[in-house]
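Reading through the structure tokens given below for one structure.
By letter and in written order, the chains are A, B and C; residue numbering begins at 1 in each of them.
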Amino acid sequence: MKRLSFLYLALAYAFIFLPVAVLVVFSFQDGRLPVPPFQGVTLKWYEKVLSDEGLMTALGHSALVAFGSSGVALALGFLAAHGLARVALPGSLLMRGLLIAPMTVSYLIIGLGLLTVFNQAGIKPSLVATGIGHVVINLPLCFAICFAAMGDHQKSAERAARDLGASEVQVLWHISAPMLAPALAAAFFLSVTFSWDEFIIAFLLTRFEVTLPVEIWSMLRSGLSPATNAIGSLVFLVSALVVIVLETLMRRKA
Amino acid sequence: MSREDRLGWGLVAPALLWTAAFFVLPFLAMLALSFAHMEGREVVHGFSFGNYVKAFGDWSQLKALVNSIEITLTVTVLSVLLAWPLAATIAWSVPPRWQRAALLAAILPFWTSYVVRSYSWALVLGKTGVLNRGFGLIGLGPYEMASTRFATVIGFTHFFVMLLTLTIYANLVQLSPNYLRAAQDLGASRLRAFVHVILPLTLPGIVTGAFVTFTLCIGDYITPQILGGNNELTLPQLIMLQMGRGGNFPMASALSVILMAVVTLAYAACARWLRLDRL
Amino acid sequence: MTASVTIDRVTQTYGGAMALHDVSLQIAAGEFVVLLGPSGCGKTTLLNLIGGFAAPASGRILIGDRDMAGVAPAQRPTTTVFQDYALFPHMSLADNVGFGLRMRGVSRGERRAKAAQMLALVGLPGREDRRPHELSGGQRQRVALARALAVSPDVLLLDEPLGALDLKLRRQMQDELKAIQRQVGTTFVHVTHDQEEAMALADRIVVMSEGRIADQGPPREVYLRPRSLFSAAFMGEINQVPVVQGQSAIGPYPGTGMLLIRPEAINVTGGLPLGEAVVTDAAFFGTHVRAHARLGDLTLTLHLPQGSDPQPGQVLALYASAHAFLETE
């Protein structure tokens, strides 16, 4: 039984890592196509990718959109969670439902809807438009995480702070936010990940300034190339490194 | 309205307004647009069910919906079946101090860029790809795997196995081992203990994960586009095609509304087990 | 600093249910008042109204001479020691204690000095840089007290602050709380359901029941001369002997009402003869011997002196050394 489950584990990991391994290995391909046979190791594709202005600009755009939209989504989600946790407003269940709703709708539909409205309002596709779309998809996530993290403990500390003379802004800044720091960090990190990687909304809502997934997409259309492997590997290795470092830090703290 | 209430509204209002302006309003606009029609390259607003009639009446359009549902159901079931034993092995057979690492390893390829992930599978499954080379060495193949439904399903399943492993694992570790012990203590076989105790207790986690899989899978454009090619279209591919080629926004909108209706039906089907707020 | 509190005909409702019925209470500056009663009696509601966490449906609350209507908790000259302490987990003890001063714009150095002084007052000198999670329950309680006192409130509100502590620690904290109150001179309004705690602390006990004040007065008076059946029973075990038109189980007694006798006031000598009773059981309790005795239809509970040794079946001629009588009209 035990042997069988470890065999399954090995097979599952092989399945999970197979495409990543192929991606990374053939990013070093000394040849024109990222397929077997492997013709030797070179770093020239990395060089090419890193000196590719279009890609590097797109990388910057992606970072800008990811951090900007996550910041807005987190702020809105945190405030809403705080409001709904604090006051028993009429229809608060309905409001929670409305705030969570975008989570169950395909990104394609959100993107298409925004495109329709922006077209009618005469708003041109841009990074800002993409950012607005990314806030829509990340707001439910940030709200849900913050709302779930607000326990009785939190509420009584906020009450005590008010009793000691703190204004509502001071309560948010000195008590609620620091006490929720782990949840806020997790929500922000997840938002950045989702926004960074999001394709379809960015594809629909950008035109001249594009994000990295859109840029990679246009690379793909010109056929297979180890350069695509190189940029893909680069993004993967850096993100994986960040994740592993965060995980180790968290473990050490716990 | 008391001071408290005003404060509460003030805090909730920005998020509500954002959701209303950039989620509800766009959806309503799209819904309205889905009843319009095209004359030449011009959108003519009005109220006709023409797009819907075409979506269900024209086999070339309806086929996309059927394809999407078939692929999504296959992927969802396959992913659950593959992820459950993986999550269970990590939760029960891997020593506790290695569990976090094992779990992290199981989801690490999450952080490959999503477009690149599908591309990687194209490299693996291509006619000259790694798999066919491998088969060649033992005298098999080559098989036509890229640009097929098989490739789409593999690409999707790869992603959702990771996602589901995470949610099911989170569910399993919360279970006290005493449940299984108690069931066996009372005379249940391993299988019956599993069917009557473990499965019902982990069902909410499984259903939630499966619903998310369903939603993400049926609405995805990239994976079928890169791996499935244009041999058979899924609904999102058709939507993009309607929009891109003819600029037929009304038809694209109608298809989107249908897509959303399918997700809503799926939601209704598993609502009683869903815990979206505890994702 | 200190101030009086005036509760003037306050009524409060919670979703249709009456929480307080037309309650009036005058608390003097510097007084230690304990609101005592079972859960749901309205004592915590009253405390929340004084602290400003809720507004009364009708009636007025004054602190000093100032009407508190519409004044938020932050602006009131009150602070609260909460049942769960509500310490800020992400702040050092100095920052916790100095929080109220920070909100009032006091400089960092001054805050730190005041925090050190307050921590010393509550018996935690030199712990400024510790964090709440490093402390025991009793120590957290002290920090909560120091934090609430650091802003020199006129009135300190304590919401069952000792409820989470074990019995031994609770008794010790009661002594310290009383000493601290004498030292700072602030008006303390303390809520509890533990009558021993109330007697240990209070200048005046206010017994509450079903949203009304059932009795009030110094501990001795409330215990020995209760003004309601409810407060008589809530303050401790008591024997109730009905008297109807001068007749009762212990013989003639003037009036109609209820004769109340504490178990420890009954012995084989005393001022009021009760009659001959048959001991049904007895047990040694350390400080006293607890026994039951039948007197006609009545079963009396007795706390006899440590040295006595009553046997079941034994007949005792009993007397009461103290009693109270509640007349019904």
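In this section, a residue touches a chain if its C-beta (ideal position, glycine included) is under 8 Å from a C-beta of that chain, and two chains touch if they have at least 3 such contacts.
Computed from a prediction, not measured in an experiment: that's the story for all the values here.
Asks: Just list the two chains that share the greatest number of C-beta contact pairs.
Replies: By number of C-beta pairs in contact, the leading chain pair is A-B.
Asks: Please list the single chain whose C-alpha centre lies closest to the global protein C-alpha centre.
Replies: A
Asks: Hey, how far is the Cα centre of subunit A from the one of subunit B, in Å?
Replies: 17
Asks: Could you please state the distance in Å, as a whole number, between where the Cα atoms of subunit A are centred and where those of subunit C are centred?
Replies: Averaging C-alpha atoms per chain gives centres 55 Å apart.
Asks: Determine the centre-to-centre distance between subunit B and subunit C, using the mean Cα coordinates as centres, and give it in whole Å.
Replies: 60
Asks: Touching two or more other chains, which residues of subunit C qualify?
Replies: 72, in rising order.
Asks: Under the definition above, what is the set of subunit C residues touching subunit A in their complex?
Replies: Residues in contact with subunit A: 51, 53, 72-75, 78-80, 82, 84, 86-90, 99-100, 102-104, 147-148, 151.
Asks: Can you list the subunit A residues touching subunit B in their complex?
Replies: 2, 5-6, 8-9, 12-13, 15-20, 22-23, 26, 33-37, 76-77, 79-80, 82-84, 86-87, 89, 95-96, 98-110, 112-114, 116-117, 120, 132-133, 135-136, 139, 143-144, 147-148, 168, 193, 197-200, 212-213, 216-217, 220, 224, 228-229, 231-232, 235-236, 239-240, 243-244, 247, 251
Asks: Flag every residue of subunit A that touches subunit C in the complex, lowest number first.
Replies: 152-153, 156-157, 159-167, 170, 174-175, 178-179, 181
Asks: Taking the complex as given, what residues does subunit B use to touch subunit A?
Replies: Subunit B reaches subunit A through residues 4-5, 7-12, 14-16, 18-19, 22-27, 29-30, 33, 82, 85-86, 88-90, 93-94, 100, 102, 104-106, 108-109, 111-117, 119-124, 126, 128-130, 133, 158, 161-162, 215-216, 218-222, 226, 236, 239-240, 243, 249, 252-253, 256, 259-260, 263, 267, 276-279.
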